[in-house]
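Next come two complexes built around subunit A: one with subunit B, the other with subunit C.
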Partner chain A sequence: MASIEFRNVAKSFDNGKVTVIPDLSFAINDKEFVVLVGPSGCGKSTTLRMIAGLEEASKGEIYIDNKLVNGVAPKDRDIAMVFQSYALYPHMTVYKNMAFALKLRKMPKTEIDRKVHAAAKMLGIEQLLDRKPGALSGGQRQRVALGRAMVRNPKVFLLDEPLSNLDAKLRTEMRSRIALLHKQLQTTFVYVTHDQTEAMTMADRIIVMDKGIVRQYDTPQKLYSEPADMFVAGFIGSPSMNFVDCTVRKNKGKITVDFAGNSMCVPEQKAKALVPYVDRTVVMGVRPENISAFADGQNECEGCVITAETEIAENTGGEVNVYFNLADSRCVACIRTEQKVSSGDVLKLFIDGNAVHFFDKETTGAISAV
Partner chain B sequence: MQKSLKKYFPVFVLPVLAAFAVSFIVPFVTGVYLSFTHFKTVDSSEWVGLANYIGIITEDETFLPSLALTLRFTIVSIVTVNVLAFALALLLTRKLKGTNFFRTVFFMPNLIGGIVLGHIWSLIINGVLGFFGVDITYDPNYGFWGLVFVMNWQMIGYMMIIYIAGLQNIPDHINEAAAIDGASPARKLFGITIPMVMPSVTICTFLTLTNSFKLFDQNLALNGKAADTSLLALDIYKTFYDHTGLRLAEWHGIGQAKAVIFFLLVAAIAFIQLRATGGREVEN
Partner chain C sequence: MKTKRIFNNAATYLALILLAAAFLAPVFIVVMNSFKGNFYISDEPFTVPKGETFVGTENYVKGFTQSDFLQAFINSALITVLSVACIVLLTAMAAWYIVRVRNRFTRLLYYLFTFSMIVPFQMVMYTMTYLAFELELSSIPGIVFIYLGFGSGLSVFMFSGFIKSIPAELEEAAVIDGCDPIRAFFMIIFPILRPTAITVAILNAMWVWNDYLLPYLVLGSGKKRTLPVAVQMALTGGYGNKDMGALMAMLVLAIVPIIVFYLFCQKYIIKGVVAGAVKG
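And then the complex of A and B:
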């Protein structure tokens, strides 16, 4: 049980030639489940490895449980790590794999036995204790890796893309298992993934990273509803948010945005923030799920009706993902419809004005009322 | 596909089979037959039954001592070659500068032929011993340790390469997991690293064992003249070629019987070795 804090941490490789993390500061609370998410090479794994002590920070300070841990060996940081490749010792049985760290701490045998069996029971791998990792499936190995981390009662659990080697069904199952584990263990969890669905479903808070910089650090709901910039907006949510260039106009005291021959009346609380941008181009972001099929009689004032020619339609069962072009941008809408939609169909779609986001075209930052 | 391949089976296999038969099976069987005869040439043999095998014990005084020497030499070589080669491999898989250079340097002795190597070291060792007025034949211990040294010098680099390959096969994450689990360097070495390079240990032990047991060229070149430092292969050679006179046919028979026993020993050791270490290899 511990908090983690990064203060102006930088990390570079090859004697400073390659800087992965220029300047990183964040704090993780005790017992919190924080997910580090971002595209490949954004520095999230390096960050995790710096918490573990497998990489030394080039600059700055790292605190675990309010203690400075720069220069402290991994074994003395009281952390446990689950690797993407599981990193089980192939020549040891599951039992020995799980007991290894405890044995090194000279814990009494009966105590080791009790702990290993308790963890194995919790993870449902009791019947596998005598097997070697080579005889286990991917999912079973993953659970052994979790078990090996659990038995040590670490202050901090570090998980480096633990599910990316599993198939989709198993991944969903293990996702909820890990979330449950966090509840039961009441320990700080730091989880690295590039899968935003994993991040959204498991995290108390998410750190979105890009090029070694924290783009936004907030709860999943906040990231979704109030993304700080276009990167976060595009990264969180699936399919990704649509971005359309539009021009802000002031008309009879009302703020509207014009795009591709359409004009949308902006709801009042969003309009305020757009005042400084009148007659300038901004980027409008609309989530695919906020575009619906337009039904006659719907209140047009709350949004904008557009006509779109379907390029491709993907039926996902309950919904149809309709791809179309709008003002030179490729857009997608997730619509619920009974009708069959096929390529070439012209649809009337409704953009929910209350759910749109606006971003500064130059800084890519969100335009919000302060 | 299977069928048409089957049709050509003899075409592909016969040439190799014929070569193998002519160059290996026929001489081998002839050799075994000759060990039960007295002979001067292959076609002038006289059947004597087990007389040659009995003769090894009753007539010959060198076989058992040289067998003992060979066993001692083999055990010492296996230990020294493998320990040193593994230590070098550990050293040269660290991220140090110049590791590639040193890997090449340590491997190079292996490229020199045994006879040449034996002569070079005989010159060096005798040169040094010359200061004390003796040479390598002065004391059997000199010859023995000289052989161990030359064997190490030649084999370490080769075994080191095999160990390096084994060490590089251990995933980084396993070492990192061990570091997080809190394994001390010694514990990591004996608990993680060595068990994980067991396949390399098997290969290297096997190679050193057979190479030491069969050692001939270096022995001949380094201290072939000494009477009391002949390993088995050299002893067989000497049984054949160091005898002249009327009992030549008999000595040929005894030498041939020694060679058959030698073959059986090498085969048995190799078989036991594979059985014993094969089980400890990591199944992945």
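And then the complex of A and C:
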């Protein structure tokens, strides 16, 4: 159980020629489940490896449990790591894989036996202890990898995209198992993924990274409802948020936004923040789930009714993802409809004005009332 | 369709049987003649020993007692075991370093190793022998050192290819578990390398055990001579005559250990230990 802190950490490779992380600072609380999320190459795995000690920070300070760990060997950091490829020792049985770290620490055999069996029982892999990794399925190997980390009772659990090699069904199952494990172990978890669904469902807090910098560090709900910038807004949520350029106008004291021949009245709370942007172009962000099929009698004042020609319609069972063009931007709406929607259909859609976000076109930062 | 498949299978089997026969025939002829009297070896080399041509184990007793067979056998065994052990262990470590530490120096090292594979022994044998004498390497430890040099090219090449397929995450997991690099190598990497290590061991053991030229040049034909040199030197009578029966018996005795070693190890070559280490 430990807190983790990064103070102005930088990491570069090739003698400083390639900088992966320019300046990174964040703090993870004790017993917290923090997910590092971001696109490939954003530096999230490097960050995790720096916590593990597999990579040394080029600059800055890293603290685990308030102790400076720069230069401390991985084995002395009291951390355990689960790798994307599981990294199980192929020539050892499951039991030996799990007992390996304890054996190196010269723990008594009876104690090792007790710990391995307890972890195996918790993960439901007791019957696999005599098998070698080659004889296990992907899900079983994943659980063994978790078990190997668990037996050591580490201060910090590091997980590097541990579910990305599993099929969709198993991934969902393992996701809840890891979340449960965190509750049972009461240890600090740092989890790396590029899958925002994993991040949203498991994390206490999420660090969204891009090009080695933290774009936003907050709870899943805050990231969803109050994204700090267009990157976070586009990254969190599936399908991604739609972005449409619009012009801010002031009519009779009311703030409206005009786009593609439509005019939308901006709710009062959001309107305040848009005052400095009158007659300027801003980016409006709308989540696909905040666009619905317009029903007659719906209150048009709280949003905007648009007419859209369906490009492609994807039926996902409960909903239909309708792709269409709006003001030269490709947009998608997740609508609940009983009707069959096909390509070429012209639909009347309703954008929920209370759920839209506005971003500065130049800085890409969110426009919000301070 | 079925007839064609049967015909194809039969043709393949026939070709393989002929090939096996071509390779086994010399061994069979040597074994057969090792039980014949000297006269019949030159007179009827391809007949099975029976009746008056069959001399029992007489040739074996003669070959064993009248030559310095035991000493040569011990020399050969010692040189082979030590050379193979050094080659397997040190080239595995070298290959691991070359693959994992990627810089100009290791790249150059790799090219040097692979280049050494294509240099024919005959090209360097005189200079090398001279150097060996100068450095006082004309001894069993000395020749082990020379074999290590000659064997390292192919061995490093083979180990490097295999190590590239081992994910570095395995070593990282070992480091987090508490291993230092040496422990990680011996407890994790080396056991995974077993199939390649056995292949390297077999290839080098066959070569070192059967090698004639290098031990002859470096160790000479004296007390330190190896088995192939001893067989060639042994039982020579007047005017270059040889006791062919005893010679055949010595040849059989000389090839038995390496065949046993090969048969013992071949099952390990097929085993792919690394399967299942990572998502496959």
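Heads up, the rule we're going with is that the second predicted complex is superposed on the first by the 370 of 370 C-alpha atoms of A that agree within 3 Å, B and C clash if a C-alpha of one lies under 4 Å from a C-alpha of the other, contacts with A are read in each partner's own complex, and residues count from 1 in each chain.
Basically, a contact is a pair of C-beta atoms (placed from the backbone, for glycine too) under 8 Å apart; a residue touches a chain by one contact, two chains touch by 3 or more.
As the structure is a computational prediction, the values presented were derived from the model and not from experiment.
When the two complexes are overlaid on subunit A, subunit B and subunit C occupy overlapping space and clash. Look at A:Gly60: by the touch rule set out above, it reaches neither subunit B nor subunit C.
Contacts of A:Pro90 after superposition on the shared chain: both subunit B and subunit C are touched. Legend: residue contacts after superposition of the two complexes on their common chain; A:Pro239 is shown touching neither subunit B nor subunit C. Of the two partner chains placed around the shared chain by superposition, subunit B and subunit C are both touched by A:Met81. Touch criterion not met for A:Pro267: it reaches neither subunit B nor subunit C. When the two complexes are superposed on chain A, the residues of subunit A that touch both subunit B and subunit C are 52-54, 73-75, 79-81, 83-85, 87-91, 100-101, 104-105, 132, 134, 148. The residues of subunit B lying in touch with subunit A in their complex are 171, 173-174, 176-184, 187, 191-192, 195-196, 198, 282-284. Against subunit C, in their complex, subunit A makes its touches with residues 52-54, 73-75, 79-81, 83-91, 100-101, 104-105, 132-136, 138, 141, 148, 165.
Subunit A contributes residues 52-54, 73-76, 79-81, 83-85, 87-91, 100-101, 104-105, 132, 134, 148 to its touches with subunit B in the complex. Residue ranges on subunit C touching subunit A, taken from their complex, read 167, 169-170, 172-179, 183, 188, 191-192, 194, 273-279.
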